[in-house]
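Next come two complexes built around chain A: one with chain B, the other with chain C.
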Partner chain A sequence: MKILVMSLLRLGDFIQILPVIEGLKQKHPDAEIDVWVHAPVSKSLGHLIPSINHWWALDRDELQAGLGRADLPLLTSFDVLREQCDEINHRNYDLIINVTQTRFSAWLLGYLRCKTKLGLGFNPRGQAEFHSPWFRYLDQHADPSVKDVFHYTDVFMYACDLGESERVWNLRPTEKGHEELKALGLPRENVIAVQPLTSDEKKNWGLERWAECLIEVSRRNPECHFVILGAPSERAKLEDLFHRLNGVPFTPAIVSLDGALAVLNQSEMLITGDTSIKHLANAASCQVIELALGPSDHRRTGIYKEGALILSGRTECAPCPHSSPCHQASHRCAENLRPDVVARIIECQRKNLDLVKLARDHKDIALRRTHFLGIGFWYALDLHESWPVTISRWIERSTWKFTLAPKRKGPVPAVGSEAYGIYHALRELHPDGNFQPVLAHLDFLEKDQSRTSSGDQEIFARLKAEAQREKTLDLSRLRSVQTRLESETQARSIRSKIIRTLKSHLAESS
Partner chain B sequence: MSEEEKLKAALARLEHSIRKVIETRGYSRETRALKLLSELIQEQLTNGHTRHSTRSIR
Partner chain C sequence: MIEIEIAKSGDRILRWDGRLLASRVDPRKEAKDWLARRRTFINRVRRVFVLGLGSGYHVRELAETTSAEIIVVEYHHPIIKAVSPDLSAFPVTTINVERACELRGHALVRETVRESFVVLDHPASVSLNPGFYKECRAILVGRDWINLTWQWKLKGFPSLDSEPRVQTGEDPLTIHDLDGTELVKDSTERERLLLKALRELVK
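Up next, the complex of A and B:
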C-alpha cells in the first residue's frame, strides 16, 4: 500500500501530525508512507523521522519567483508544479491525505489522481469536498471565536480512523544533535531550556519580560541553569536577552533541530512560546510550560503532552487573527502575564507544588494543565474553570465523536462506555470529589435537551406550513433543514444517553 | 518593487486571467491552474493565514 500525506504549512504544523504518520504505520505495517511538505521542512526534519519513506518537497519560493516576473508566461510556475504533480501521480498512491486545510492545498488535492482521498479538496468546479465528516468539522470550526474545538492532532487522528490509537512522536536523535549538545557543555541536572522567540511578533512575550522572569527564577532556584534556544536567524535578536541576563547562569544554544531535540532530552523543562520547538518537545522527555499569546490558539495547537502547563493573559481579543497587527494600544495579552508570577508558576511546576491557589489569586492569567483523557482526546483544563463547564465540554466533544464517526451497528453500548470514561476522567481530576454541582448541572442539561428538541420540531413544521401556504415549496431548503434536524436529533439522542448514564454513575458514587 | 508588490501585481494579473477564461471557456483545466496559483499567492500575502510558511527555519 502507498500513502501520501500532504502537509503544506509550517514546521510545527507538520510535527503536530507525526502521530498520524505513526498511527498509519501501525495500522498498515507494510505501507510506504510518503509526505509532501514545503522544502525547508523536509530539509530540517528529513533525517529525524524514520517512518517516512520519501519526502516530496514543494519549493514555494521558486513558484513565487516565477509568478513575480513579467517576462515569463503566466503559467510558467504552474508548469513547474504540474511536473511535480505528474511525478506524484505516477507513484499511483492508494490513499492521499491532505492535512493542510488551505485553499491552495485543496486545489492540489483536486489535481492529484487517487482512488481514496481524505481532507479538503476542490473538484474541477471549485466546490469543496471533505471526504470525511471530521474535515468538514474542521472547516465549520475554523473561526477563532468558537466555544470549544478539538486539538488538530485529535481531529486528524479521528479523520484517519486512528482516534483510539496511541499518540506517538517518533523522532530519532542524531549524531549531529549529540555533537551540538556536547559542544554546549551543559550540566547534567537542573537544566531549563527556554525558547523566547516565535515566528510572529504577536506571539512573543518580549525579551525584557523573559529576562525579568529568568532572573527571578534564578533568584528563587539558584541551582537552575538556563539554555536559551534559537535558530541562526534569531541570533542577533537574542543578543539583547543575553546582555540582560547578567549574573544568571545560562548557555546560548543557536543549534539545528537535531541539536534542539538533544537539548530538550537533557533538560528537565522547556519554557516556550508557540513555535516548532514546542511541538518538538512532544517527542522529548522534558516537562513543558507554554506561553500562548496573540493568535496562538492553545485549544487547536497547544502542547500535546500530559501534565504540561499553558499560560495566557486573559483578554477578550485572544486568540486574535494571524495576519493582522495587534489592534490594542499595547500588547495586553503579554502584559497580563507578569514575569514575577510566571517565575512562581515555573517554580511550582518544578517542585510539584499546588497551582490552584496561584490561579485563583491571578485571575488575569489563564493557567491550564493539559491532560490526555481516557475518552480519547486531549484537553487543557483551566485551573479556574468550574467543573460544570468542563463536563459540558467533555459531553459535547464525546457527542461530536459519535456523530462524526463512520456509521457502525449498535452504537448504544459504546455511548455507555463513553459516559463511564467521562465519569472516570472526572474522578481522576476532580480535586475534592464533591459532585453535587455537577449533578445539578447535568439535570439542567437534560431538561435543556428535551426543550430544544420540541423547539426544532416546531421550526420544521412552521417552515413546511409556510411553504405549502405560499405555494412556494422550496424542496432543497426543506431538505437541508430536515438533514440538519436529523443530525441534531441524532446528536441530542447521544448527548441524552451520555448525560443519563453519567448521572447514574455519579449518583451511585456519592 | 518589493517582493510583496510583485506578488500583488501577479495576483491581479492572475485574477484578471481567471475572469477572462471563465467568461470565454467556462471552467477548464486552465481555470484550475490559474486558481491554484492565485491561492498560492493569497496564502503568502497578508490576507492568507500561512503568511510565514516560507520563513527561514533551522
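Up next, the complex of A and C:
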C-alpha cells in the first residue's frame, strides 16, 4: 500500500501531525508512507523522522516568486507544479490525505489522481469535497470565535480513523544534534530551555519581559541554568536579551532542529511561544510551558503533551487573525502576562506546587493545564473554569465524536462507555470535588435537550405549513432543514444518553 | 573582432569589439556572484536558457550547480567557436540565430517550452545586442499574449481563450490575467485546477 500525506504549511504544522504518520504506520505496517511538504520542512526534518519513506518538497516561495517577478517566464510556476503533481500521480498512491485544509492544497488534491482521498479537495467545478465528516467539521469550525473545538491533532487522527491510537511523536535523535549539544557544555540537571522569539511579532512576549521573568526565576531558583534557543537568523535580536541577563547563568544555543531536540531531551523544562519548538517538545522528555499570544489558538494547536501549562493574557481579541497586525494600542495579551507572575508559575510547575490559587489571584492570566482524556481527546483545562462549563464541553465533544464517526454496520456506539469515560476523567482531575454543581448543571442540560427538541419540530412544522399555504414548496430548502434536524436529533439523542448515564454514575458515587 | 585576454586570476577571457565579456580580475568569482543572484527555480526546472555565452564562466558555474539541461542563445558565432571547447564536458547546447523570431521554429526551443524552464541573462553579452536579446527574452518569458498562447499551445493544452485577446498596455501579463481566460473561468479541464491553486498563492 502507498500512502501520501500532504502537509503544505509550516514546520510547526507538520510536526503537529506526526502522530498521524505514526498511526498510519502502526495500522498499515507494510505501507510506504510518503509526505508532500513545504521545501524547508523536508530540509529541517528529513533525517529526524524514520517512518517516512519519501519526501516530496514543494517550494511555495519559489512558486510565488515565479508568479510575481516579470523576469521569470509566466508559466514556470505552472510547469514546475504540474510536473511535480504528474510525478506524484505516476506513483499511483492508494490513499492521499490532505491535512493542510487550505484552498491552495484543495485545488492540488483535486488535480491528483487517487482512488481514495481524505481531506479538503476541490473538484473541477470548484466544489468542496471533504471525504470525511471530520474535515467538514474542521471547515465549519474555522472561525476563531467558536466556543470549543477539537485540537487539530485529534481531528486529523479521527479523520484518518486513528482516533483510538496513541499519539506518538517519533523523532530520532541524530549524531549532529548530539554534537551540537556537547558543544554547548550544559550542566546535567536543572536546565530550563527557553525559546523567546517566534516567527510572528504578535506571538512574541518581548525580550524585556523575558529578561525580567528569567532574572526572577533565577533569583527564586538559583540552581537553574537557562539555555536560550534560537535560529541563526535570530542571533542579532537575541543579543539584546543576552545583555539584559547579566548575572543569570545561561547558555545561548543557536542550533539546528537536531540540536534543539537534543537540548530539549537534556532540559527539565521548555518555556516557549514558538510553534515548531513547542511541537518538537512532544518528542522530548521535558515539561513544557507555552505562552500562547496573539494569533496562537491553544485549543487547536496547543502543546499536546500531558501535564503541560498554557499561559495567555485574557483579552477579548485573542486569538487574533494571523494576517493582520495587532489592532490594540498596545500588545495587551502580552502585557497581561506579568513577568513576575510567570516566574512564580514556572517555579510552581517545577516544584509541583498548587497553581489553582495563583490562577484565582491573577484573573487576567488564563492558566491552562493540558490533559489527554481517557475519552480520546486532548483538553486544556482552564484552572479558573467552572466544572459545569468543562463538563458541557466534554459532553459536546463526545457527542461530536459519535456523530462524526464513520457509519459502521453493527451495534449502536457505546455511549455508556463514553459517559463512564467522562465520569472517570472528572474523578481523576477533580478527585476531592463536590459534584453537586455538576449534577445540577446536568439536570439543566437534560431539560434543555427536550426543550430544544420540541422547538426544532415546531420550526420544521411551521416551514412545511408555510410552504403548503403559499403553494411554493421549496423542496431543496425543506430537505436541507430536514437533514439538519435529523443530525440534530441524532446528536441530541446521543447527548441525552451521555447526560443520563453520567448523572447516574455521579449520583451513585456521591 | 574577437580578442583573447588573460584576467588577473590567470583565466582566459574574451573581448568582443573592444568590450570585455567577463571580469578582468576574477571571472570565476564574477560567475559565482552572477549565479547567486539568479537561483530561483534553477534546481527545479528541466532546462535553463542562458541569453549570451560571454566567456563561458557563468555557464560553467551554472552547469556545476544544476542538473537541468542548459541552452545558450548566442548571436555571435565566433564567440561560440571560442568558448564551446571549454564547455564540452557539460550538458550545454548552444543555439546561434540571427533573428530572435527564429527561436519559435527551432526544434529544441519548441521541445523546451513544453516543459519547465527559466531564462537567465548574461548582462555583458546582452549589452552587445540589446534589441536581439530583448526579443529573445520576450518570446521565452511569455508575458505577452502572443507568446503566451504560442507556449500554451505547444504544451498541448486546450486554448486559453476561444478568441485571441488583445493585450492592452505594456504591462507584462500575470497570473491575474490568466484568471480572466475561458480556461480558468469556465472549463472543467484539469489544468484549470493548477492555475486556480497558483492563484491562491498571490491573493
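Everything that follows uses one rule, which is that the second predicted complex is superposed on the first by the 499 of 510 C-alpha atoms of A that agree within 3 Å, B and C clash if a C-alpha of one lies under 4 Å from a C-alpha of the other, contacts with A are read in each partner's own complex, and residues count from 1 in each chain.
Methods note: a residue touches a chain if its C-beta (ideal position, glycine included) is under 8 Å from a C-beta of that chain, and two chains touch if they have at least 3 such contacts.
Keep in mind that this is a model prediction, so the values were computed, not measured.
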Using the overlay on chain A, decide if chain B and chain C clash or can fit next to each other.
clash
Looking at the overlay, what does A:Ser165 touch: chain B (first), chain C (second), both, or neither?
neither
Let me test your reading of the model: by the given contact rule, A:Leu11 touches which partner, first (chain B), second (chain C), both or neither?
first
Just to be sure I read the superposition right, which of the two partners does A:Ser77 touch: chain B = first, chain C = second, or both, or neither?
both
Of the two partner chains, chain B (first) and chain C (second), which one does A:Glu62 touch, if any: first, second, both, or neither?
second
Of the partners chain B and chain C, which touch A:Tyr111 in the superposed model: first, second, both, neither?
both
Just to be sure I read the superposition right, which of the two partners does A:Thr102 touch: chain B = first, chain C = second, or both, or neither?
both
Scan A:Pro124 for contacts with chain B and chain C and give back first, second, both or neither.
both
Looking at the overlay, what does A:Gln449 touch: chain B (first), chain C (second), both, or neither?
neither
Report the partner of chain A that touches more of its residues: chain B or chain C.
B
Who does A:Asp200 touch here: chain B (first), chain C (second), both, or neither?
first
Can you tell which stretch of chain C collides with chain B among 3-11, 21-29, 57-65 or 183-191?
183-191
Let me check the overlay on chain A: which residues of chain A are in contact with chain B and also with chain C?
60, 63-64, 67-70, 74-75, 77-78, 81-82, 102-104, 107-108, 110-111, 122, 124-126
Give every residue of chain A touching chain B within the complex, in rising order.
8-11, 38, 40-41, 44, 60-61, 63-64, 67-70, 74-75, 77-78, 81-82, 102-104, 107-108, 110-111, 122, 124-126, 199-200, 231-233, 255-257, 260, 276, 321-324
Which residues, counting only chain C, touch chain A once they are in their complex?
40-41, 44-46, 115-119, 140-143, 148, 151-152, 155, 172-175, 178, 188-198, 200-202
In the complex, go through chain A and note every residue touching chain C.
59-60, 62-83, 85, 102-104, 107-108, 110-111, 122, 124-126
Can you list the chain B residues touching chain A in their complex?
3, 6-7, 9-10, 13-14, 17, 27, 30, 32-37, 39-44, 46-58
